[in-house]
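Common to both upcoming complexes is subunit A, partnered first by subunit B, then by subunit C.
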Partner chain A sequence: MIKFDRRQLLATSAAFAFIASIPRVALAAEHETLRVGIGGETGDLDLLQNVSTLSSYTVVFDALIHYGPGGKLEPGLATAWNIAGDGKSISFDLREGVTFSDGTPFDADAAEWNLKRWMGVADFSWIGIADAYESIVKDAPNKITIKLKRPVPAALLELTIVRPVRFLSPKAVDGSGKQTAPIGTGPWIVEKYSSTETILVRNDKYWGEKPAFSRMELKVVPDELARANALRAGELDVIGGDWVAPLSPRRAKALEGEGMVIVAEPGTATTILGYSPKSPVMQDKAVREAIFRGIDRAAIATVLFEGFADPTVDIFPTTVPTAGTRHEIPARDVAAAQAALTAAGWTGGGGGWTKDGKALEIDFLVSEESFPGSRRIAEMIQGMLTEVGLKVNISSVDNATMHERRPAFQYDLTFFATYGAPYDPHGSLGASFVTASDTGPDGKIYISDELDPLVQKALETGGDAREAAMQAVYDWLATNVTACPLVVTKRLWAVNPRVKGFSLPATDYDLPFKGITLG
Partner chain B sequence: MKLGRLPWAILSPAITFVLIGIFAPLLMTHDTAQQDYGALLQGPSASHWLGTDYLGRDMWSRIIGGARTSLVAMVFVLAAALVIGVVIGSLAGYIGGITEMALISVIDIMLALPSLVIALALMGVFSGENFTWMSDYWKMILALTLAWWANYARMSRAVVVSELQQPYIEAARVMGASHIWIFVRHILPHVLGLVVVYASADAGALVLAIATLSFLGLGVAPPVPEWGQMLVDGMSYIEEYPSLVIIPGLALTAVVVSFNLLGEAFALQKVPKAIRGSLLRRKKAERAAEDEARRRVEAGA
Partner chain C sequence: MRRMFLRRAGLALFLMLAATALTFAIVTAAPGNVAALIAERAAGAGADGEMIKRIADELGLNDPLPVRYVHWLGKAVAGDLGESLRTGKPMMDEFAERIPVTALLLFGGGVIALVLSIGLGLWGAVSNGGVVDRLLHGAALIGASTPNFFVAAMLVIVFAVGLGWVPSFGASGATSWLLPWFTIALFPASVLARVVRVNLQEAMSRPFATTGFAKGLSRRGVLLREALPNIAVPFITTFGAQFTLMIIGAIVVERVFGLNGVGAFFIEAIRFRDFVGMQAVLTLFVVFFVSVNLFVDLIAMFADPRLRRARRA
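For the complex of A and B:
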């Protein structure tokens, strides 16, 4: 006969209760964890180093101002701000009661310490407000004013960008000022990171609306097809985002047919075919015009982007502020393209064109490594321009060669993309259309002595006059056919149906988590 | 060479590849670059025997065109690499001394690195502004040639050194034959005999290297059809339209395997023989006939 004393009975009951709870614990863990696919490891999230992936910063670190949907500025660590009449000082009311995740209070001292790490520093002169920085005044324990040498109309937008403007705990640096840990005030805390994944846990001290789940796993899956398969297998919940884990239109279509939720919204970056301003053949406006008219943008959007792109002839889409008035997208017109060439003195037709005994040949610089999918777009454009009679030679090169040839304008045609929100329009205009700017390997879309003062004026003009000044730039670019905008690709994400309430973050540099609940 | 009684079926992909490459313009049903947005990603039909790709281009014509692209590049690279290799290797072996040491060092350096890595590096160099006058196709041929000659040089030198030690060479010298005469008449045939055999096996590897460079986006420039490029372009559609990958993949596999078998056949002075079916029966019959003949001879003796 089996005898149970009270102690044994209790122990056995406890053991059974524990075993019974295991599936429930596992289920609860699943309900509390969002698994997001990322294309590359996040890195250490050093705010002053251009190494870590941008999207991961946004959930750990806050900015003074956040970029909301449609470019609306939303309070972040600053609850209110005011720009002085002369545009040379901006005061901020800092959010009270905020602490970094290590317990350090966020106040005027912490704000000043953070801002001085990059404002007035030469490495960050590409940010207008950093270049124009003069001083910081602490008006009160929770109020600061940034003094500038000159007005920077895009200053508030610049304060929404990811790196280096976000705020780090002053205690998270070593003696030399180097960041030692990613400690911010954001909704998530980095628990650990490695080359294969980064684990984030909810910051329960977060000042804003807290995430509905407690854990986020960022899984590194470099290959796009592998990411899609992981989503299908239920190993990932969310994939997508140009700066998180790019999802191709073709793959999105396939996933949509298999019951995954595809979220596609108008994008903020434009894919542009750039004409080299230094190329002799591209100096001829008629050639630029012929290319502009000879391309079927709608076909590109449909055939190569599966409809997940909007044809455009404007430099910036309406999803970024002060993008200018819209120009009508002309239908592809081979005859008009050929007429433009004929009017400019070129002779020939569909079989080729010559002028002064020289054949019209165009060098199309493409790097699949720099811009995935670009060779197929180039091939399609090549086919279209061949019908116009333009001989297009595609030079397919590696990343290093592209980085060498593009800044030196050693091409006739090549692809560019605008930066998108929250960097545009000031970011792309100030970098890609200004002769004196340093864009490194990215090159420039178009530069000219005539364009420089227009851009400078637009970037320096604030208030109500800003829109008109911007429009003057856009009109000049369009009138002189200086670039050939093609499409604005949609922002694409694929989501497992167990993820409820998914909505796209404001920019492609943000990770999605707001409003999400897990089924 | 005893190359009679070949099971040509095994080598037919290589032969077909060469024939298709030569007669490609006659076999193509469509312009390989002609895009048709109304006929995207279609399956096989009477008008498009192997269907169409993502730009509505005819897959059959592009496969045929790809064979020609690979064949022409392969022939140029093999011929050029063979000439360079034989000249350098022969010079090294024939002249000897410091010249041999210097040339062997260069050959060893080239052999120390995989040919494809050298070709990739050279393609990077040729991508620069100074080489824009050359098309990507010829850049690829030049890069592969410069990466491919070292093996031929090594073999050539070995043969030359070996032959120079033969008594008949000394006899020729004693009879007053010039160096040119000795080399061309007595040594070169031996060198060519070996390197041509090696080249026949190398052809498959070269077709694969051409496809690899194109797969990496560094080979043939669009719209020229090339199998490696067709493979990489089809990768985006592999889930829904696997034929875009399978067709060029099969063509590539068949040609590479076939050239390898051909090379082996030349090298071993025999051809791979199937041991089933009619061949097996014929072989058994031959052996039986030989045994019968032997028995008769023995019986007669």
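For the complex of A and C:
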């Protein structure tokens, strides 16, 4: 018979108790940790550098105003705001009792210090409110007023963007003003970050609704298939989002069939086929119209995007504010496309078109690297346009060549995408449809002397007249067939069934965590 | 011996210089504008033509290529490989973090390739035309012809997703290395197993093998005691070549398994046109290739006195 003395019995019991507790500890940790796959490292979250991934800022740093569904402005670090009648000053009531995660109070001093880091600074003149900045007045310990040289109708929307407008602890910089740590007022605090993962812990002093779980691990998995496999293996809970860890429609379909929850919500960015405004052949409206009528958008949405896209002929979807009235999506009509060409003096037909002895050939610039999946879309469009009799040559290039050729208008057709919420519609209109703005490698969707004043007026008009001014731009673009919107891709995420209450935030630049509980 | 070593080291140095000059020229000639990328990093959508021009002037990007190369080389020799345009970190810091990951991947893969190739090559030679020999021949052909991204996906689906024995990505413990090691080792192991098998077959027809048999040794005894030591030189040189080629496999394997090594960094550097990062990694690859080859040459010389004598002559 085995005999135990008291000491052995205690030791054995303690050992059993320890072993028995291990799964519970592991399980408890699992209930408290959301593991999110990210495509690239988050970086140091420096608010003035364009390096770190945008989505990671949003959980750490707050803005004065937050972007809600459909562009509704929601209180953030400002509880109320008021734009003066002349549009040249905006006053903000700052939320009281808020502290940065290092204990520094958020007040008018901290707000002024933050805003002066980018307002009136040349590098950030692309933000209207930064370009028009005149001064900041501290009206009270929790009230500030931003004075502007001219009205900026999109000012409030601009204050919802991620970088550089969000608020950093004034103590989180060195002597030269360089950010030393990502210290914000947001719901999460960066515990540590590396090139493989970023660990976030809940900010228990957060002013808003606190997350239901205490830890979020952002795991870097650059390869899309590897992310899907990690989700299947239960090593990740959430993957997806164009700015977090892109998930292709085909992969989403496969995961859906394997019991994962697929969340697909209407997108905020439009994929557009752009006609070069400098290409001689694209100067002919009939050619643009033939392309516009010759494409089957529904087929592209169904076949290439597996149904995770909505066909469109409008520049902006209704998920962004002042997107304008909807235009009817025409059914693909080869005969109408050919009739448009014939009416414009082109001769020929399904075998090819000529005018003044010159054959109609279209150079279609495509970069799979800069727009994944674009090669397949281009090939499908090529097939559709061939039936109209248009000869389309696809130039498949790398990202750098795309960045050189697109701004130089060295193409007839190429793909563009609007920026999406919270940057639109003012962001894409001001950058991609105005001749004077310098957008570097992004190029222009369409520009013309006739369009410039219309866009300028729309961007400068505030209040009730803004919608009509925007509509004038959309109508001009549609009437002149200046661009060929194709689809609005859905925002795609795949979620492990253990994650409950998953819903998408208003923009692709936010990480989803609100309302989530872990089973 | 010392003179020979110095001569080889001098040749290696020359090779490194020539290779870095060539890669510098290729990277510089690639489409894309470094100044535009830096401006974009600093100002995002606010990067305009004027800012790009100012940066290009500051960095000397308009200088002639030889001037730029000498400027880069001077800094590289002093240990400054520049700052990554993608991450903004000094390349030496990136390497300090990433080289240990790649080194562990290559070391583990190398050990597996070494053990598997000798073991399977010997097993095939013992079988000598039997079923095992033929099966191993077929397996080696398949192993050498299967792309490593496919191998990785299959291994993950079976062992991580299906059986749940190992993690599917990341370096989170000893087991997390098993799949990357086997993936990266499969190609060199397959090639080297055939090298061992073929060289053993040839060695077994040599007079010293016949003498071994005459002395009463079994086939296995002759293989192990007489033939195996005699294939050391071709095996070492082929192993060296395969080991250096594993760095190319690492580029894919690290990405697929989410390992933050030099290979994964290189892929991202190419995607983002991080010219500084690309040049630094290519320089590291050049140093790795040349150093491993120099090391292998020296080992082969030590292993075979005939080579030493031939070089002296």
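In this text, the second predicted complex is superposed on the first by the 500 of 519 C-alpha atoms of A that agree within 3 Å, B and C clash if a C-alpha of one lies under 4 Å from a C-alpha of the other, contacts with A are read in each partner's own complex, and residues count from 1 in each chain.
The rule is short, and it goes like this: a contact is a pair of C-beta atoms (placed from the backbone, for glycine too) under 8 Å apart; a residue touches a chain by one contact, two chains touch by 3 or more.
Just so it is clear, the model here is predicted, and its values are computed rather than measured.
Overlaying the two complexes via subunit A leaves subunit B and subunit C side by side, clear of any clash.
When the two complexes are overlaid on their common chain A, residue A:125 makes contact with subunit C while staying clear of subunit B.
When the two structures are aligned on the shared chain, A:379 is found in touch with subunit B, with no touch to subunit C.
In the superposition on chain A, contact of A:104 is made with neither subunit B nor subunit C.
A count of residues in subunit A touched by subunit B and by subunit C gives the higher number to C.
Of the two partner chains placed by superposition, subunit B and subunit C are both touched by A:404.
When the two complexes are overlaid on their common chain A, residue A:369 makes contact with subunit B and with subunit C alike.
In the superposition on chain A, A:51 contacts subunit C only, with no contact to subunit B. Of the two partner chains placed around the shared chain by superposition, subunit B is the only one that A:248 touches, whereas subunit C remains out of contact. In the superposed model, A:222 makes contact with subunit C only, not with subunit B. Of the two partner chains, neither subunit B nor subunit C is touched by A:456. For the three-chain overlay built from the shared chain A, the minimum Cα spacing from subunit B to subunit C equals 6 Å. Counting contacts by the rule stated earlier, residues 225, 369, 398, 400-401, 404 of subunit A appear in both its interface with subunit B and its interface with subunit C.
On subunit C, the positions that touch subunit A within their shared complex are 30-33, 36, 39-49, 51-52, 86-88, 97-98, 153, 156-157, 160-161, 164, 167-171, 255-258, 260, 264, 267-268, 271, 273. In the complex of the two chains, the subunit B residues touching subunit A come out as 33-35, 37, 40, 54-55, 123-124, 127-129, 132, 135-136, 217-219, 221-223, 233, 236-240.
Chain contact summary for the complex, subunit A toward subunit C: residues 40-41, 43-44, 46, 49-51, 123-127, 163, 194-197, 219-223, 225-226, 229-230, 232-235, 369, 398-401, 403-404, 427, 431, 438-442.
Within the complex formed with subunit B, the subunit A residues making contact are 225, 248, 250-251, 254, 299, 302-304, 363, 367-369, 373, 375-376, 378-380, 382-384, 386, 393-398, 400-401, 404-405, 408, 410.
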